[in-house]
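In what comes next, chain A is part of two complexes: it sits with chain B in the first one and with chain C in the second one.
Let's turn to the complex of A and B:
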């Protein structure tokens, strides 16, 4: 395949956002800043259409992987800039572009009148573009480039209201934590170059499938998992994500649903042929995911800020994706990633609508109550998305969560129990949020008399997303096919991959299992009942036992945040020690002492040169005599 | 005792006296005189050997050495005068500007 045969849609995927951003920056921002969103919305439409076009292409077996040009070269090693349009990439791409475009549309209404309107849209679209690049990269270096670009754009968006100190801090925290993970990815890329001498995915897959042993592969896998843990907010490094709520709500929605956090899971999906070769590593991924999923679900049940509850819910669901990946169910992980993209975007935008209705940057469960009557459209969207999240039968989330629970069930042991507990936990926190926000007005809650339904530009995208979330279960079969295509290699030019990877023909999504489905639904019902009991049937329960020690535990994520703060203090102490003692006192002392040694030696030698002409003449005579003797002999 | 041996003896003695003056004396004028003495000794030796081998080039070198000696005397004397006028005296043992 040559560049000339690349479908137009693939070019548009890059061309449209780049053009829109450049046009927006150089023309619109100057001429008519409040219209900056227009070219960007057009670009969103083009990208979505292109993504679906490519998805259709791939679905009918026309995936491709192509190097467009050599980006950097050093001897025989080189980094190419290429396009890889294959099953997993294009499946996520279609979701990202569709959900992302709806969020763009929503943002046009939500951010209206903000002084930074045009800056917001330009950075927002850059974020989107970075994710498109990440999903279509065909080698690790290119992936790394867009990975970093996603990080930078998220930093700019989280810190969008930079006049607020908390926003600046959250942006820095998000960026720093991501740097920790980026370092892991950088190490992984360097190790891949060291070990394999190539960075292209398909060449790596071939090498990995060749059956040879690679000494550095465990280390590479570990570094990749490390990177994914930071980007996708997994257990040891999850804490930046809830703080990243300081950005405007559309940012949170885009970050949580479509772009940022799914990048880590996607990295693992891309690297799965490598990681699955490492003994024990998938198991580690599964455990990280399981622990994160349960922990975050519990913490989400204790939070009061609407966006924070959703943020922890994202962490929990990313954990579920990791769990599915760790159980070698790449298709299930992707399926859940896509369904999650729909319902989480819808939920975030609902939270945004509520905050918007209250004229606040963010809303708390104390602030609101009984919104069911005043915000009907938002209520409807929220219920659809919440049922999908909780995994109630006909809604999208049921199918993806059921697939994960099924995989865990087949694996058995503690992971299966963990999966069931997560199902109950997610039902608990989302129903608690639903009850507290939309039912009631509870005596403890401040009344929100000004709450009114959002204007159509805010309501319609949310409704579409919620409908998507409700119907996402229908995507199960297509996604299975996409994953089969992706895992079985690329039809054009690389048929041998099918043979060497030795993949099963009918794999990936487990078959429907009545036991698991029933048990999962039972867990959801339990969680929902607990939420109803604690918030509705016993008014004031949620408030009565808060405060004091319990509140401090809830605030600090059951002590983990305190531990992290302590860790940060330890590290900064080490940094200070290294800087002031090791570097300044010891090392600099050593350097300065060598200076003194040289000076002393110089002084000692200088004493032989007293500056007396006669001495020099003696030296001259002696030298001449020596030379003469040599010449005459 | 042939003439060559006498010339060698005399010029060698003169040369080493000159060398001794240059290296042992501290007065700049005496050191300059020593240099002149060494040059003169070498010149005498050169003249003798030029006659001995009937070599015209050696005589040319003698003329050159005389010229150099004259020039050196001019430069050297003026330098010594300059040093004396600067108030540091003309004693080499006190002129230790080059001390490290």
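Let's turn to the complex of A and C:
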């Protein structure tokens, strides 16, 4: 295949956003800043159409992987820039572009009138572009490029309202934590270059399938998992994500559903042929995912800020994806990633609508209650998305979560139990949020004075997303096919990879298992019942139990946040000590003191040179004697 | 004219003389001559690049007593660094245009450019040393006369510190030349002829003398303490030339003299030198985190950045050498842009503390944009220039001594820990009661033009580094182990 044969749609994926951003930056921003979003919305449409076009291509067996040009070279070392349009890539790409475009549309309404409107849209679209690039990269260096770009764009968006101290702190925290993760990715990429001499996914898959042993592979795998933990907010690096909701709501929606946190899971999907070769590493991934999923689900059940509840919920669901990956169910992980994209975007935008209705940047469960009547459309969207999140049959989330539970069930042991507990926990926090927000109102809640339904531009995209979340179960078969196509290699097909990946011939997702489905539904019912019991039948409960030891535990994420803060303080203490004491006072002080030492030595020696001719003669005689003695000997 | 290389260093020197004579209108002379200089440098570079068989230009003059001869040569490494000198010189002139300074200021910059060009051209070690020392004089005056409050102390410290380094270098060069004479009976200072094997057992001593001389200039930990003071007190354009080109003389000396003459000794020294370089990346970043003065912070970040260059160069792999060399240019552009921006801030508000400003993103959006852009380039964001050099240098280091690359990657991580908080404090945080933000007006057209050029280059190198790497490759090919 040559660049000439690349479908137009693939070029447009890059060309449309780049053009829109440049046009917006150089023209619209000066001429008509309040119209900056127009070219960008057009670009969103083009990207979405292209993504679906490519998805159809891939579905009919026309995936491709192509080097476009050599980006950097020295000696035998070379890095290419290419395009890889394959199953997992386009499956996620189609979701990202569709969900992302709807969020763009929503943002046009939500950000209207903000003084930074134009800046917001440019960075927002850059964020989107970075994710598209990440999904279509064909080698690790290119992936790293877009990975970092995603990080920078999210930094600028989280810190968008930079006048707020909390936003500045959250932006820095997000970027620095991701940077700590990037340490792993950069090291992994460098090690891959060292070990394999190539960075192309395709060639790496071939090498991995060759059966040879690679000494550095365990380290590479570990570094990749570390990087994914930071980007996808997994324990021990999850703590930046809940704070990152300081950005405008569309940012949170895009970040949580489509463009940021899914990148880590996607990295592992891309690297799975390598990681699955490392003894014990998949198991580690599964455990990280399981622990994060449960811990975050518990914490989500205690939070009061609507966006914060959803943020912890994202952490929990990403944990479920990791769990699926760790159990070698790549397809299941991708399926849940896509379904999650829909319901999480819808939920965030619902939270945004509520905050918008209250004229606040963010809303709390204390602020609202009984919105069911005043915000019908938002209520409807929220219910659809919440049922999908909780995994109620026949909504989308049921199918993807059921597949994960099934995989865990087959694996057995504590991971199976963990999966079931997460199912109950998710149902609990989302129903608690639903009841507290839309039913009531309770005496403890401030009455929302005139909460009104959002304008259509805010309501319609949300409804579409919610419908997508409800119906996403239909995507099960296509996604399975996409993953089979993608994981079999390109374009000639690599049958060996099936063995490496432990993929049986066709069915990738586990068969439907009645026991798991029933048990899972029972857990959801339990969680939902508990939420009902504590919010509806005992309306004051949420306000009564707070303030105790449990609250402080939840506030600090069981003490973990205190530990992280302590680590950060240690590093900055080391920096201050190095910079101010060690370097400035001690080392430079010593060097500066040479001046005084020389002067002091001069003064001391001056006492032996006071112009007395006798002294000089004696010195001369002694010196001559010494020299003579040396020569004559 | 058949002496293109001589022209290259004479033109700016002539410019210096003209500036000195012009008096009040010296800046016009500086502008014209720096444009001619840049044009001439580009032309020579283009001719050598486009003409087959002319990839190395030579000029050989007469031979004098003790074998001292006038011998210039320019390969792509020399020409690349001369182009950088000419480019930054032009940028400096444009950026200082509105300063109220005497003719001497402009003359010093032109003289500095001339001496730097000479360093990169000379292949006779005597002339190399003369040019090397000649760079100190204009820079001493630039810091000492047009610097900020504590300028004399910084200028003297700069001079004494780097001069003692050069003296070590001179001793090493003398030893090298006299040893060659003792063995062969020929006096020569020609770099191509001199042979380290004539030194016998003294070779390690001479090697370390050279390395120490260069390490002071780079500056490598622990010989770096002159740099923060010199940078902090120098005028903005002085800092640009200091960081952009003068620091590169140290790495250039390693590449041109120490590594080719002592291939095996330099390889044996890799754990020590590479270790210091890798440590510099972390140490520089940690020190930068502790600074409260923007210029000091950028100065310490230079130490870290030069650590990456050294890691690449010392690895002696093709990706490390090309990446490390490109990083020299990258650092010149990025750090140059940052120093200029801080200089613009200082011209307006006469402060440069992190806590003296605030809220500048709203008050001076262009300033914020360019500062943010350069900061991102400086912390190695892929797609901008810094990443290319860092990635390739680290890749080279990893294949030789993995532990060094681990430390280097840690240095990359830490870079964000000083750059972004500083950016936030100046541009995002609200202006405090003592803030001087109100005095800060946004960049004018001239200042913006200068920065568009710099940032455009950063983006260009970042997006399409291949031609830039290919430019340096022929010159370093012989050094690959």
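Methods note: the second predicted complex is superposed on the first by the 556 of 633 C-alpha atoms of A that agree within 3 Å, B and C clash if a C-alpha of one lies under 4 Å from a C-alpha of the other, contacts with A are read in each partner's own complex, and residues count from 1 in each chain.
We adopt the following convention: a residue touches a chain if its C-beta (ideal position, glycine included) is under 8 Å from a C-beta of that chain, and two chains touch if they have at least 3 such contacts.
This structure is a prediction, so every number in the text was calculated from the model and none was measured.
Colleague: In the superposed model, which partner reaches more residues of chain A, chain B or chain C?
Modeller: C
Colleague: Just checking: does A:621 make contact with chain B only, chain C only, both, or neither of them? Give me first, second, both or neither.
Modeller: So A:621 only meets chain B here.
Colleague: In the overlay, answer first, second, both or neither for which of chain B and chain C A:179 touches.
Modeller: second
Colleague: A:56 contacts which: chain B (first), chain C (second), both, neither?
Modeller: neither
Colleague: Does the superposition put A:76 against chain B (first), chain C (second), both, or neither?
Modeller: A:76 contacts chain C only, not chain B.
Colleague: So, A:187: does it touch chain B (first), chain C (second), both, or neither?
Modeller: second
Colleague: On chain A, what residues does chain B touch that chain C touches as well?
Modeller: Dual-contact residues (chain A): none.
Colleague: Which residues of chain A touch chain B in the complex?
Modeller: Against chain B, the touching part of chain A is residues 605-614, 617-618, 621.
Colleague: State the interface residues of chain C toward chain A in the complex, per the touch definition above.
Modeller: Against chain A, the touching part of chain C is residues 157, 161, 222, 225, 283, 286-291, 300, 317-319, 321-323, 359, 361, 376, 381-383, 387-388, 391-392, 394-395, 398-399, 402, 405-406, 409-410, 412-413, 416-418, 420-421, 424, 427-430, 464-466, 469-470, 473, 480.
Colleague: Could you pull out which chain B residues touch chain A in their complex?
Modeller: Against chain A, the touching part of chain B is residues 19, 22-24, 26, 31, 92-93, 95-100.
Colleague: Which of the residues in chain A end up touching chain C in this complex?
Modeller: 70-77, 141, 144-145, 148-149, 152, 155, 159, 162-163, 165, 168, 171-172, 175-176, 179-180, 182-183, 186-187, 190-191, 193-194, 571-572, 574-580, 583, 587-588, 591-592
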